[in-house]
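Heads up: the structure comes next, in structure tokens.
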């Protein structure tokens, strides 16, 4: 334990707090976009993930994700109940901070990932099957992918796939899952006919602020030390977020004639999500480029979803899914060992094989997350109908699921 | 007794209130309503898509007054609420059979 | 002239508006109200205790129209707002003595 | 049929509702309105400056009832809404020509 | 000063900022639950504590609490005006950070404690006597208890009573005070007849998020260093919060048929409050248990308050008071020197005397805080009526006390 | 790079995150005070500064501000595109943290400064010319002043002018700019006749909370290390904030008969802004005095603005402008080398020349920022009308500029 650095420990603890804050921040971000009769239910779907996934994490998930490797596929059960996870560092992951600090930091990632997905089936899923689905998803989708990409011995990691802070593990896994979920659960009643205008955009903007703030912990903290890599990851996070915001607003201004505030928020989240896998592996000018690409790419995805008639209500596929794909591939282009010697060189540094590796990583995670989520939802639906009945959907989540009203 | 209901543009409320004060109308009740009519709704943008919002914010005034004053009230509102653009609103006059002041129990013109 | 006031379920507003459009009604004013009637209020839970909320959200439509159209309007609203469940609402018809369009000063049926 | 519109102080709503229930009135519609009258508006302070806010929050009740019950309803509201202080509000009685229940199509007193 | 660690200093500074944020967070938590005519006045009662108590802290409180001990009962006046409180560490409390950093961190605790109490007399207390009462309470209740439990030489500390981050000092003191306050001030007009439904639950959920986030600084920072103890305290905080949330929601679901979002928020706060005294002294599995106990215990307390007709409006007694008791006793059960050698072993580690010590601590703080608060309120009330007159209560705090309206 | 301290790095990274949060916090603070039809546009004017200024900062501003000095006036273009700004520290500014961390921390200051100004022309400026103006302002006002005061070789710095965290660079520059802006853009339609009451004061209080929280990073982080100076700057920030809040509330209570919550918020911001230049150079008792002076001074300024008929809508001049002046001069009075050997002694320590130096600094910044802002606005206005046309002003920023509605 002599090697514990209080500065690194301080940084990761604060980062863990920041990432925790993102989950209710996401709840507010989503909550502002739904109709007022659904705002509590929407926030609840994020909030309750803190309980559901944290419990799962302590008694199963952490060990499956970061426990001693079983043939590259999953961790064994050594760490169940946090056995042996104490003050001594785990040198496999973070040699200068207590193992427990690493564990709780990672817990926050596991919590927010299924919460991201809730945006896609907003305003129409029953609460009980939602809980069941979320536990299963954490176990069968999140934990394996997390192990493959980040676990010591994970097979994608071994193949050289890089993901600094969760482009694959968090954004693509939830984005691909969201695509499956939107298909399974179907459109909201009134879709295409009514407007479903956001009931409280300032709430969404507040959520955006909390997400951005928390993202510094998400990406910066993923350096697992308060060093130069953390500095570059932090800087890149900010720069991609601001570039995504700028780009979305500009494209929208050009395309629709107005720069909207929800566009600014959406672009920021797109930029932040997209830079996530690359944050500690690329330079700041690349991060700005990544943000710009995210802004235009996610704008295009989101504004064309109506054409294909997919009710991905709050655009999880178009922002997190696509962001995860774009970011992971951009890392394949822009990665630079000059920035992070522990990383890789990308296509633009002459290393095309790394780009192919990243492409492979994207394909694996996309297909796996999509397929397993689809099956899981069909199973849960067969046992206990996922969808609200029509009266409840008309009445709203808040009253029908929680017997509450948001505003009096 | 007559009840005058006027649907006007919200930003005209202060002007109308003042104009009514000047002709001695010291009581009224207002509420926020949404109106639909010739005035075209505006477009709103939501995540890259355009939606038309049909219902526009309006203010509804309700004033109960003596028969003899009704016309003056109508004219006063008309003038004060006027901008000349579509959507300026409407004024309706309805008959009222009885008026009671809760505090005193007074009825009719005393109650206004 | 008649004024038709309808208290309907909020999620039926779009249907009613469309149905009215089809019969040529192009002006109306709506507001959010709360209703109390046969339809039982719902329970809400607040920190482990249950409370009954009596007043349910409804939408009120107000449409002023010519005498001859009133019945058609009433029937149209009735059909479009109908679900068959308690709480579907009521339609009231009131007499209107005068209508004025603020923008033009037109009166009567011209003003609608 | 009569329509009774009452503008009352918001905190009196529960009392009025109960009193109406006791005389067998089981349906009504309420809305939040703002009133302007003899009752002086209050002052509000905003960054060191004082502003007078003229419009005070009130609740408007609308009750459609049979002719024969109208007076009882008016009196009941009057008593229950009474505090004796300025601003207690007003009650208006308007004629109603037709009432329809959306759910059943019933008309007149059956519809209430 | 050589021994100052910048990592520890960074951690405690950030923790202090986090704890400061809890006070307005509490204001929002409470503000969302009151009727809209009272929201500003309610937030103000928390916010203004920052001024009132910080002033008292600098010129009296810090010295009474942490100044050189006078016979175990109170600190002397050496530190008044922060004399001698500078960059050099105070080895009695935190040898690796500047003394001033310790002082300001503790200031934030002193600020939030009386703010917690305001939930009990929400919507009906006059502002001026409230201020007078709060100063007196800080001086006569908070400072002594703080010294007894945390001050070098404090008599409860000397007896072996442990309180990691404020189960006794913060939660029980305010919870017992709240009980007295609810009795003295009486029920709100319309209590039992009207519903008093919360006017803005998303505001309460936002408050919950800020409280949870801040609690990491509250409990984690109480290690006064960024080390393994901080890591375990941080982890336990999260786990008890999520377990409390899970449990409250489940019990309510079973009992009332619906899982509510306010229940989730309440359970989280219950779990966080309850683990507070134990956070750095127990293992994570114990913390989860503590959270579960908090969830069911506080639910039971809160939902039975109507039966005894106590208008503890926002449930300070049932959540913070009971949480403080349960947490302090649970520490007596679950404490483990294996987790923190500087702590103790509890009943389940075979040390029943420690449990009795904790019980004693609970008794002392409960009785002292209740009695002194009761007397103080009666005195202040005699001099200047505490309660709003009926017209003002009907009109609401915002207009009658502050000449403002929250929403226009 | 051996000299990088992870504790210092952790502290400045977290501080940078805190300062970033202030910009949307400011958006909410302002947003709550405008009418509901303008809330999105108002928040947007803050939010979009993150994109606009961060881009400018990376490709110009940072180098102009902190690049190698050209005759005391401005930095050269060495750092454009962040060339050479990497993990190695820049010993001129912060020898124990990566240069990139210093750069991104300073970026957050550059972002919020023009955002502060938006309060003065709230509810009536067109979005496109606002963007153009903001970029020009960052380049021609912020960057030079920043270099003069903080840049190695800056001429005001060389003269001995001190500004710990931005009394001149941030608050006075934006406050003086705001004065020019209020004059150029003119009064809102209905000014003096209608009330313009705040549409959502809880939003403003939330903004206040986020600002206060972020200010710990703003002032504390300006020590650029987690040391005793950071501790004193942090403490002073808190103490001046709470003293400003106390004072404003008291004066208002005395003057108008009521203590308002917006007054509490305003006083807090006044205290926080005013202590900013002094935070790391004075002792805590001085900080409290500064807060008290800010509370009464800014109250007087704000409540007399109506008399001179200036529509400084959300009081940027009266709070940030005056705060910057008062704080910089108070530093001239209260500065003490006993607190910070790297600082100065002020008038009350017998050093009147330092006070004159500070007065000189105030004069230079005030005149420069006022004049250049005035010219810039006139120029932009000539090219593209700054002001909304009447219909758009009546309709509100949200619909007319962004084609959105805040609440549905």
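As written, the chain order gives the labels A, B, C, D, E and F, with residue 1 at the start of each chain.
In this section, a residue touches a chain if its C-beta (ideal position, glycine included) is under 8 Å from a C-beta of that chain, and two chains touch if they have at least 3 such contacts.
These numbers come from a predicted model, not from an experiment.
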item: Shared chain contacts [chain B and chain E, defined touch]; value: A, C, D, F
item: Counterpart interface for D-E, drawn from A-B, D-F or B-F and sharing over half of its contact pairs; value: B-F
item: Homomeric contact chain A-chain E: same or different residue positions, threshold half; value: different
item: Chain centre separation (chain C, chain E; CA means) in Å; value: 51
item: Chain B-chain C separation of Cα centroids, rounded to whole Å; value: 18
item: Centroid distance [mean C-alpha coordinates] between chain C and chain A, Å; value: 45
item: Chain F: positions in contact with at least two other chains; value: 5-8, 10-11, 14, 197-198, 200, 206, 256, 258, 260, 262, 402-405
item: Junction residues of chain B, two or more chains touched; value: 31, 44-46, 53, 94-95
item: Each pair of chains that touches, named by its two labels; value: A-B, A-C, A-E, A-F, B-C, B-D, B-F, C-D, C-E, D-E, D-F, E-F
item: In the complex, chain F residues that touch chain A; value: 1, 4-11, 13-14, 16-17, 20-21, 24-25, 27-28, 31, 39-41, 43-44, 47-48, 50-52, 54-55, 58, 81-82, 86-87, 97-98, 100-101, 103-104, 107, 127, 200, 203, 206, 210, 398, 401-408
item: Of all residues in chain A, those that touch chain F in their complex; value: 5-8, 10-11, 14, 18, 35-36, 96, 197-202, 205-206, 208-209, 212-213, 216-217, 220, 225-232, 234-235, 238-239, 241-243, 245-246, 249, 256-262, 264-265, 268, 283-285, 288
item: Contact footprint of chain C on chain D as seen in their complex; value: 1, 3, 17, 26-31, 62, 64, 94-103, 105, 111-112
item: Parts of chain A lying in touch with chain C, wherever the complex brings them together; value: 190, 193-194, 394, 399, 402-405
item: Complex interface listing, chain D residues touching chain F; value: 44-51, 53
